[in-house]
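Two complexes follow with chain A in common, the first pairing it with chain B and the second with chain C.
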Partner chain A sequence: MKPSPRVLVAAAVCAAALAAPLLLSEAQVSVYVLLLLAACVVTGLSMLMGYAGQVSLGQASFFMVGGYTAALITTHGRPSWLGLAAAPLVAAALAALIGVPLLRLRGHQLAFATLAVQLILLNLVGQQEWTGGDIGLQGVPRLEIAGYEFATDLSYAYLALAALGLIALITRNIVASRPGRGLRALATSEVAAASSGVPVATYKLAVFSLSAGFAGLAGGIYAFYIGYVAPGSFPVLLSFEYVVMVVVGGAGTVYGALAGATVITLLLQLLNNVGTMEGMPAAAPTVLSYAVYGLLLILIVLFMPRGLVPSATGWWERRAARGAPASDEPDAAPVRDLARTSP
Partner chain B sequence: MSAVLRIESVSRAFGGVYAVRDVSLTVAEGETRAVIGPNGAGKSTLFNLISGHLVPDAGTVSYGPRGQWRRIDGLPPHARARLGIAIVFQGARLFGGMTALENVMVGAHARTRHGFLAGALRLPGQRREEAEIRADALAALERVGLREWAHRAADVLPLGQQRSLQVARALCARPRLLLLDEPASGLRAAEREALAQLIEGLREEGLTTMLIEHDVAFVARLADRVSVLDLGAHIAEGTPEEIRADEAVLTAYLGEGVS
Partner chain C sequence: MSDFLQYLISGLAVGCGFALLASGLVTIHRVTRVVNFAQGMFAVVAGLTAGSLLSAGLPHGLAEVAAVAVAGAAGLLVGLIATGRRGTSAQSALIVTLGLGFVAYAVEIMIWGDNPRSHPGLGGSVQFAGAFVQKQSFLVIGVTAVVFAALWLFFNRSYPGKALSACASNPYAARAVGIDVTRMGLVAFALGGMLGGTAGVLLTPMLPISYNSDVLLITNGFAAAVLGGLNRPGPALAGALVLGVAEAMVAGYYEAAYQTVVALALMLAIMIWQSSRRTALQEETAR
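And then the complex of A and B:
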């Protein structure tokens, strides 16, 4: 039997992701690790935005909470694997707690509220002694699981890849299941979803919490990889970056999150290289990234409102439909339709 | 016949104007009850008070399938759906970005169980339940004549089919009480006939149905009893024949000189 294009694409993406760290230089591997961690956060945010129809402008705060959780536990002499395991749990629990009042808000009010949460958390963390204030927590030990120490960039690349694989699998499974259908339903009509038995408020809270958990896991890995956490590592701009990645890649698809994270990370790297060239003012990297986010958002919203991946697959399907009109029979693949419509 | 729904002295106002005023009515198990009345009589408001999208200012709504009575006027819509109350809205409230089949599968949400954890882990029980939901949804689509649309996007369906799709979604919930808010409006003659036959079939199966409808012939054919609302008040109740002869109804609803 010929494998479907979906399987081929998935296999190709996996192979490329696995091979990449071996082919890249050391400096490039470090960018790759950060790219993968961003993709972890963006996959959760994409589910929140694409399926539950909620926007969070404070997603970096959950990344930060994960990072600080791992750093605090480990620097207090507890095993590092415990720190990694606690990072997503603490972030998810915090989201569940603040989500109860926050998710009563809608649209841009919710976005502002999540932004406010991040500003408050940044302030708190910057002023507390036990979080190390503005200096943060230094000297986070390397991650050690069952006697294996993650010491090299390469090992973190595969750790981040494993985390992303797990997150993508969980997301895909949920989207194709009963709660996933409920989420997708409430994104278009909360009234009709509730009438079908979907507990709208609970589901929104669950997906908010889940997205925070993904961000927390990425934050935990980040803390072990970089070796310190400080408020300056989790600016508001980082939250914007995640939203831009979701919009560019296409909300509500796992591939979209990957594509968005890749495109934006590479672009930022390029801008950073330009911004730090000799003769550039000190503010150049920040100004450049804000400007390019703005420009990119405008372009995407104008020309590809659904984002890169949905636009590309839509174009591909239209092309395939034109090429083979006879196979356009709706029942041609009855067992695959769920997979076809979900990412 | 035993009752399944009891509404007692229910009122609901919007901005000081009563949409439903002191309405009491009882619906028997297995009955098809039509709710008629001029525009703005409070029919849809009454349905929303039963389905849970509105909370009454005063009065009680009780629901008692198989004699197990409980007050439901404080419950949110999703909890009422779990008790077996399904509603088909007047407008097409479909879930965009999903296929017709997936739309109908959402209908089974109220009576199925597995949650985020089971979904994320794809536990065996979850996969079995998923297959059952799928089979039920296909059967519901078959029943409303949309089987061949199963794998199309729901939002590209023509208006009549969108309405039928909502009915299939409600049926997939296997409701005990089905609320149909003007299901026939905007349908062509053949579609209306198919809908009428479907409602007759549901009555034969013993499903309790409440139906808002303007077409008098449609009501006379399908309804066991008719409730008439006017300006939010329940002004008459009886068989279609009794209602046709009721003076108050004639003046309020059908107008003078109709008999």
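And then the complex of A and C:
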């Protein structure tokens, strides 16, 4: 039996992701780790935006909660694996708690509410003694699991890759399940979904806290990798960046999230290299990155509203259908059409 | 007592700034159903432009008016990009305005750098019932009163204003009587830009602004506007004044660092309270 193109693509992406850290230089591996962590957050946000139809402008707050949880637990002398395990749980629990009142809001109101939550959390964290105030928590020890210490960039690359793999697997299975169909239904119309027996509030809350858990896990790894957490590491702009990544890649697909995180991270790195070349003004890297963020976001929303990956697969399928009138994969198109939900 | 009066008046002045910002948000949302995330950017652009024009030697008054005009032009540009393409949904337009905010960051850093800037306003302070109050505060309150009165006259007593209101209440009927709804949307954006610009010009002497001040400005403006469901300027004005005074009181009597927390918590509480009185069915049919 010939393997389907879908399996081949998945295998190729996995192989490339596993081989990449070995081929990259040290500085590039650190970019790769941050890329993977961003992809973890973006996968969750993409599910929230694409399947539950809710925009969160405060996703970095859960990343921050995960980071602080891991840092607080380990700097108080508890084992570091406990910190890593607690990071997603605390972030998800917080999301479940604030989600109860917050998720009664929809659309732009929810967007502003999540932004407000992040501003509040940033402000509180910057004031408290036990979170280290504006300086944050320094000297987070390296992660140690069952006697193995994660000390090199390479080990963190594989750790982040494992986390991303787990997250992608969970997301894929949820999307393909009965609750996944319920989620797609409620993104289109909550009233229609509720009338068909979808428990709208429960599902929305579940996705919200799951996406927060993903962000928390990424935040935990981030804290161990960088070695310190401070409010300045989790600005509001980081939340906007995640939204840009989701929109560029295409909301509601795992591949879209991966593509969005990859494209934006690589582009930023490229611009940073261009901006720091000789003869460029000091502000050039910031100016370039803001300009590109903005223009990319505007162009994608206006001219490719489904995002890169769904648009590309759609184009590929149309081309294949023209080439061979009897499609060899008749059930693929309708499923993908259902998955297409633009916010 | 004199402390109280001092906090009250400076709070009212800052609240008036938020009210101007919120009224721009309301004007745009009423007509186009777009929540304009770039509203804070108008204030930043106008504030920074006014500073540059003043240091270039333009007299007070002229520099401020020119800066407001620049903000109006920025508003028109935002409107063209966010709503100019046929079939852009309101939700997509929100994300487009977010993107425009990023582009504006790039332009602002290129022109003005990334440090907070301020420009001199109406200098000095007056003693008023034992309290020292900046003259600028009275200027802000006075200008806001005039602007809101003019807005009321414009929307209720002039043909272009009535056309805008018509688009707001029923775009289909407005088109049927020959009003160009798209063009009215752009007029709303330009007006919103000018209102945001006025806020920026007036607030900059009191609170120095930098390119990324817009996030805090837009959240405060949104918090005020949301009180009137983003559609009514009156409650937005009331909300903004409450917000400004609450922030000034928290800063004065408790801790300046917590003032935004109070404002944001207030906004969340209001939004959640409002949503409890609305069902999903009402929202979806209103879309």
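General remarks:
To be clear about the criterion, the second predicted complex is superposed on the first by the 312 of 343 C-alpha atoms of A that agree within 3 Å, B and C clash if a C-alpha of one lies under 4 Å from a C-alpha of the other, contacts with A are read in each partner's own complex, and residues count from 1 in each chain.
The rule is short, and it goes like this: a contact is a pair of C-beta atoms (placed from the backbone, for glycine too) under 8 Å apart; a residue touches a chain by one contact, two chains touch by 3 or more.
Note that the coordinates shown come from a computational prediction; the quantities given were computed from them, not determined experimentally.
Touch criterion not met for A:W130: it reaches neither chain B nor chain C.
Applying the stated contact rule after C-alpha superposition, one finds that A:V198 touches chain B and leaves chain C untouched. When the two complexes are overlaid on their common chain A, residue A:S189 makes contact with chain B and with chain C alike. By the touch criterion defined above, A:A206 lies against chain B but remains apart from chain C after alignment on the C-alpha atoms of chain A.
Contacts of A:W315 after superposition on the shared chain: neither chain B nor chain C is touched.
Of the two partners chain B and chain C, more chain A residues are in touch with C. In the superposition on chain A, A:I174 makes contact with chain B only, while chain C stays out of contact range.
Contacts of A:G294 after superposition: chain C is touched, whereas chain B is not reached. Within chain A, the residues touching chain B in one complex and chain C in the other are 189, 191, 194, 200. Within the complex formed with chain C, the chain A residues making contact are 55, 101-102, 104-109, 111-113, 115-117, 119-120, 123-124, 126-127, 189-191, 194, 200, 236-237, 240, 243-244, 247, 283, 286-288, 290-291, 293-298, 301-302, 305, 342-343.
For chain A in complex with chain B, the touching residues are 170, 173-174, 176-182, 184-185, 187-189, 191-200, 206, 210, 252, 330-331, 333-334, 337-338, 341.
Chain B contributes residues 51-53, 76-78, 81-82, 86-87, 89, 93-99, 101-103, 105-112, 114-116, 118-122, 126, 129-130, 133, 148-152, 169, 173 to its touches with chain A in the complex.
By the touch rule above, chain C contacts chain A in their complex via residues 35, 81, 85, 88, 90-92, 94-96, 98-106, 109-110, 113-114, 212, 215-216, 219, 222-223, 226, 255, 257-258, 260-261, 264-265, 267-268, 271-272, 275-276, 280-281, 283-284.
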